[in-house]
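Next up, some structures in structure tokens.
Okay, so chain A shows up in both of these, paired with chain B first and chain C after.
Moving on to the complex of A and B:
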């Protein structure tokens, strides 16, 4: 159970990082930004408020994983800080699990700060407005946003652990992680568009099946559709929620397990 | 601590070539060699950080490495890092260790990014001593330390050796090796070419070692 100790240390390490403190400050100030932007609109104030929080949740997560997590793991392996950790009885498996769970804990902390500050901001700002201006805002929208955002980036975290296990440096790890993020943002909507009835009617049947198959198999790491749906009052059923969570946990576990298998065999 | 017929190459570069070495328990062993002789790779193989292509390595449970450069997480304080290392080794001697390596008390709770190289080296030494390891591998342990620091650390390592810890020290500083070690193994081109027993720990023996190192580092020595 050495990984628990490393997870605990990782929590401290990221907590004391200046970039993380900046992200926490931004999370705390997000309601102010949301209030400022939503007050520019006559109606739909509630929708804009939730939209701004959703955008900030994405932004904070991207900065957290690209600049903090990738840098932390790259420094560990390529600046050889890992030598300090890989002293018996700490195994490579313990190191990987400990780091992963420590990062997850810090990410949860960041999202909780964002959630609490946003809920508080909404309570102070939107509660005093009439239903017309609130445009259907409900307090649980923000909770759902943070929940879906969390699972989306858990898959990305698994992917980062996979890349770090074989990459040769910080730049390479960052490049592949960014490529994965961009791929997951761009590719699924393009494939979805290709399957629209208008496009499909002129497409050969085997191509349609092929596109459908790719669409089903590739990671749907983009949470923008869901957050947009929530912000606009769309309800997400239990089955969809379960599938979304299961998909992201599965991708995270697969990438993590592959990464660990490679990491156990690599020269450090 | 033992390796038998170990080979390691990086692409076409043979770094360790059929190397066999047996380190007697309770003694201090030195590794001496020119740059690229294979010392650091041998140490990494012993620690399980690098996997050999061939050969047998006796894996050890109670072995600790003091790396060549002081690799420490810069956002943590020395106290936090040492507390973590002690918790992994199931000991509670954080303050004793910090005092042993003479890290000033006012810097214990400061992030290590504000430390000088010497201070980082001191905390690295403290980390390697957490849990009183049975086998201790020191890769250039004196780098970054001033003359007083070097003398103090040599005394500290000598004390640890007397307590029964087997030490393997890799260094370019021949005088440090002679002062601490009982046997010094000279390496060249991935092989141990000569093992010299140190009896008197004297300057005369340091001169002999330097001469032997120069000989084995010359281009035609291996012929």
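Moving on to the complex of A and C:
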């Protein structure tokens, strides 16, 4: 159970980090930005408010994983700080699990601060507007938004642990993490475009099979569908939610297990 | 001899890569040349927008709408009416990213139709809105009015306005106005009444085109 101690330490370490405190401040100030931008619009004010929160949730997550998580893990491994932890009774497995859960806890904290500040901002601003300007806003939809954002990045976290297990330096880890983030950002719309009937009619058959195979592997519920639906006051069904969560946990577990298998054999 | 051959490998690779680079650059240059004959602002790729917007198309759509506001103010304040031709592109891009965005359709029925003088494009956008928001009565009504008032196409106006009655929460006044338009018994006063109602729905800064149309109708009436 050494991993619990390391998870606590990770939580404390990241909490002390100045970049994390900056992210918390940005999360607290997000409602101000959302109110400022949404007040420029005519009708869909609630929708614009949720759009800003969704965009900030993505931005905070990207900065958190690239500048805090990658840096923390790279420093551990490439600056040999991991030697301090990897003394008996702590095993490499304990180190990996402890770090992973500690980072998850800090990420949850960041998203909770964003959620609470956004709900408070909406309560002060949107509740005072008439229904037609609220775009069907409900506070629990903001909760759903943050919930989906969390699982989207949990699979990215699994991937970071996989990359860190074999990469040769900080720059390499950052490069592959950034590549994965860009891929997960642009690939779903590209695939949707490739699968449109206009494009499909000129596509060779083996490419169609390949595209279908990729489509089957990635989650069918896309981030863009989630944010648009929630911004317009529509919730996501239980079945879609379950599948989305299950798929992202599965990716995370697969990448994490692969990373741990490599890390156990790595020459530190 | 072997050493001699090795010495030539690197320069040869450099030359081949340079030739390739020139080839790619030339074809790329031709692509841009071809595109310069078109207007970058009036031709766009919806897929490129979606790829760029990723998981947050809503905020990108919002920024495009802010662009529409700035184009409008530039056209009005800097007296550059030709700038208004870009409004349709920006509204269409915003609609493509967020098809349920109410503000897009509201600006289509006001700025796009009356300030940019693009009633055909406005009706086309409102028709898309009718599909995306099947419970909103404003879109078919506004589209029908534009078809009647600006396009002078009463057949299209009939088609569009007849769907108003099927929509929930349609005010009685609107149904009365719609039925007058459908019976072709509407007068200029009805149109002025409708446009005055529309004025209340549009922010003060964006009313110029509608006001001009009201004035023109008043002159026609006299």
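Here is the rule we go by: the second predicted complex is superposed on the first by the 257 of 268 C-alpha atoms of A that agree within 3 Å, B and C clash if a C-alpha of one lies under 4 Å from a C-alpha of the other, contacts with A are read in each partner's own complex, and residues count from 1 in each chain.
Note that contacts are C-beta pairs under 8 Å (C-beta built on N, C-alpha and C of every residue); 3 or more make two chains touch, one makes a residue touch a chain.
Everything quoted here is computed from the prediction, not taken from an experiment.
Enquirer: Where does A:58 make contact in the superposed view: on chain B (first), on chain C (second), on both, or on neither?
Expert: second
Enquirer: Does the superposition put A:86 against chain B (first), chain C (second), both, or neither?
Expert: A:86 contacts chain B only, not chain C.
Enquirer: Compare chain B and chain C by how many residues of chain A each one touches, and report the one with more.
Expert: With both complexes superposed on chain A, more residues of chain A are touched by C.
Enquirer: With both complexes superposed on chain A, which partner does A:189 reach: first (chain B), second (chain C), both or neither?
Expert: second
Enquirer: Would you sort A:1 into first (chain B), second (chain C), both or neither based on which partner it touches?
Expert: neither
Enquirer: Taking the superposition as given, does A:217 touch the first partner, chain B, the second, chain C, both, or neither?
Expert: neither
Enquirer: Could you pull out which residues of chain A sit against chain B in one structure and against chain C in the other?
Expert: Shared contact residues on chain A: none.
Enquirer: Which residues of chain C touch chain A in the complex?
Expert: Those in contact with chain A are residues 47, 50-59, 61-62, 65-66, 69, 98, 100-103, 106-107, 202-203.
Enquirer: Enumerate the contact residues on chain A facing chain C in the complex.
Expert: 37, 40-44, 47-48, 50-52, 54-55, 58, 135, 152, 185-186, 188-190, 192-193, 222-224, 226-228, 231-232
Enquirer: Under the stated contact criterion, what part of chain B meets chain A in this complex?
Expert: Contact set of chain B toward chain A: 44, 47-51, 60-65, 67, 69, 71-73, 75-76, 80-81, 84-85, 87-88, 111, 124, 127.
Enquirer: Quick check on the complex: what are the chain A residues that touch chain B?
Expert: Counting only chain A, the residues touching chain B are 2, 5-6, 8-9, 12-14, 16-17, 75, 79-81, 83-84, 86-90, 265, 267-268.
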